[in-house]
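Same chain, two partners: chain A is paired with chain B first, then with chain C.
The block that comes next holds the complex of A and B.
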């Protein structure tokens, strides 16, 4: 299904986003792709979808080079929940890879039926199943660019399931989606994999979510594929990849953490170690708050490295008795 | 073919349906295009009343010359609207969707981008201009002339399409092509509304060899009008618009195919 050998993608300006990756994915497999922001996940996905031309290396998807694919009988579906930023502003105006912004969801679905040559009866049957399952009947007449992030994800997933791709790629699909809808989507994906033997690649930074669906984990760091194997082996049940570590040395009583949404903390003698998602909590605000209490004498902030992540994963059992706030 | 046609209708239907969800918007937009362009023509008409003729072309002949620009542009935006706005398609990530879908890239761009309402605005004006001016310049229509006219219009659409296909291909390398288009297309278009012969050698050369608007309206108009200023050019130039159109389009298409490999999806 997917064969990748020594694949490298370097962008103009010299940034190597994917570096010498080799990988095989079999038909019907469901694979989870993990990595911190900037690890090269999205670039790898876009190489697989044929949106980037590889700089070096070999890639075959469904038997042919994906960039400029000629055979159109085996569609690839891509759903992305990533909010694109230019570093300063969110581009809410960024168009979807599935839906056309200026059309209502209903018109989009009909257009997709024509583009992917879905027979009328099949279209009706699938729509009849998907609409109630995903609870999108209320938003069918909304324009695609008027949907909220969560609604848009559901709409895109409905659209993709409508044409039943051979390869389905979901990039952060659970952003903004409530627990119930997640369960529905998970079940739909499992069904697809089981009944149609669809190959699914999924990325999310919520590893627990991945483990529920995926049979295999791929871990990327700085463009390299650093782990390729089972989740059991990784034992990453309770961890979110890519947490920033802050070590605070304090005097007397440990400082108060107010209501900062810290993922996990450990207190050892006079050192408080915090793990948090720096995309949610600003390191500056957190350290500022801790310093303002006058108890902290030293603060060390470390961005996550894969070595740390893996070390943490293997130390999971030791941490069980520590102050986990899960 | 049948397949492409059904896709064409699917796109046209969804496009029009969505536009008519905001019916008033759609009508106002069409009317606005019509009025804006008609305003331009009225201004030109009033200015021309000051002169009897420009290089021996009277006002009706000038309007006939002008009508060819409008009619070809009206058809052009049905087919090449997406190429006109192509940098936006790349910037907003819409081209990713096009790349992922199992249909030809240009087929999708052409069908999806079609702006029927703006085309209606431009096209109606072109037809009104054409009917009035063609009648007043006294063309004696016969079958050969009708065929020539249709071929000339198709060629004019292809020439402009080729130019925009070329600019679209450039957007694979640089993000901002609006200014280039401004200089080469929109400015040259302003020149093209008057007879080619009134300009100096440099502008004439640009209009013939670089941004060949001369083959969109001047030479085809000369076929019907045979004004004396045609003596400055070889007569066969009146007949090569289709060759120019097809050649340019094929060149632009090859360049587009070559440039596609430099496409870089936005994001990250």
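The block that comes next holds the complex of A and C.
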């Protein structure tokens, strides 16, 4: 489906946004592309779509070089959830990836039907499924630029599911979307991937979100691909994806953790760092317990960020290298 | 082709939703006509003709130009907005030719403007203004063909100017200048008959007189059969040239986008 070897993209001015990336994505795979802001996620995606010309390296998407792709039989769908601005820095709301701003949602969907040549019966059937599932029946006659962030995203997802591309790219799709809608969208994506063997690439800087949909994680940092493998592997390696981190500053002896099912803990001088799954242990119970022990003087609870995870991956590599040297 | 036609049809339908908008549009078109008609009425001062040009020729010429220019009422900042917002990338993923697609979309909008803004104006105007009937029944379809060709010339010039958005921060100024030049040189406000000979001869070498003046001349029967064929050929020639220039600007713009990033 997607074969990339030693791909590099350097922009004039010397910024290398994608640096020597090699990867392979099979048909029907759902892949999460993770990275902090400026890691090169969007550039990589644009290279895959053929919207950027690679500076160096080899890239084939659906068996062809993506740039100037002539075959239109394998459409690529792209949904962008990023907030964009126009040239004057006015707030512009969602970027319109699939939908046209000046048309009502209904007309937009009709247009998509004819652009992608969706047969009439298929169009009717899919619309009949999607509209109630996404709860967009109330907003069908609204212009696309009148929709709220969440409505817009649902509408874009509906549009994409209508023509069912072979490759679907979702760039930060969950920004500004409530939990319930996220769940709906996740289910629809899973369904689509399973039924039509669609290849899906999702980017985000919210790691926890991806684990539920994606089979594989790609981690990018400063243009490099620093991790390419399963989420389980990431977890096994104790990279604490999806785990909550609690730092406790204590006096005297470290507090007794009793039988809380903590994934991992580290003690450095008088700071205890705990990693735990907040769906199993409630942060409230754990912090309450630690405070009741009377030893804790300060508690900090946070979800690890991508940057933390990448730092840990680098640390691991260093350990490995150390091991080889000895 | 059906894809492109649906772009036109859907644009047409979307305009239907805004009734107040088209009432205002009709009013705007009518007002433009009345202002123009009054000015020329005053200028003629009761005389039946000036330099062999009758008052009814002038008003007829203006109403034809008005029809074409109301068809061309469109958002000329479209390309710039797409480029500035970065959504041009997503447009390129659609399995349609972007240029043809906007041409058809604009034609959909244009035909709406003609049907709902221009035609009512023309009907109302025919009650009070001195309009000439077409030279013959056959001249009506011939005039229509040249109007469509003139529209495409106008559209191509606009596209070329718009495609400067790839390099310029804003093309608003350029578009304004372009519109002024077209309105003057193409004879939308001052019919070509009143222009000095040297200017008319100069304009003959530009695409400008293919826009409004060719349809007017055909309608009024100023051209015979072979001349009409020649004028059609000239319109098509300019469409081809402008299309090629537009294509060049568009492609180099896209190239800039894919190499330098947008």
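Operating definition for what follows: the second predicted complex is superposed on the first by the 226 of 326 C-alpha atoms of A that agree within 3 Å, B and C clash if a C-alpha of one lies under 4 Å from a C-alpha of the other, contacts with A are read in each partner's own complex, and residues count from 1 in each chain.
Just so it is clear, a contact is a pair of C-beta atoms (placed from the backbone, for glycine too) under 8 Å apart; a residue touches a chain by one contact, two chains touch by 3 or more.
These numbers come from a predicted model, not from an experiment.
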Chain B and chain C placed together on chain A: clash or fit? clash
Where does A:111 make contact in the superposed view: on chain B (first), on chain C (second), on both, or on neither?
both
* Asked: In the superposed arrangement, does A:244 touch chain B (first), chain C (second), both or neither?
  -> neither
| said: Taking the superposition on A as described, I'd like to know which of chain B and chain C A:204 touches: first, second, both or neither. | reply: neither
The answer to whether chain B or chain C touches more of chain A is B
- Taking the superposition as given, does A:19 touch the first partner, chain B, the second, chain C, both, or neither? neither
- Task: Pick one for A:49: touches chain B only (first), chain C only (second), both, or neither.
- Result: both
Residue overlap on chain A between the chain B interface and the chain C interface 11-12, 17, 43, 46, 49, 51-53, 67, 72, 75-78, 84, 95-98, 102-104, 107, 110-111, 114-117
In the complex, chain C touches chain A at residues 2-3, 6-7, 10-11, 13-14, 17, 80-81, 84-87, 89-90, 92-96, 169-170, 257-262
Chain A partner, complex, touching residues on chain B are 3, 6-7, 10-11, 14-15, 17-18, 21, 92-94, 96-97, 99-103, 108, 112, 260-268
Listed in rising order, chain A residues that touch chain B in their complex are 11-12, 17, 38, 42-43, 46, 49-53, 67-68, 72-73, 75-78, 82, 84, 93-104, 107-108, 110-111, 113-117, 143
Note: in the complex, chain A contacts chain C through residues 11-12, 17, 43, 46, 49, 51-53, 67, 72, 75-78, 80, 84-87, 92, 95-98, 102-104, 107, 110-111, 114-117
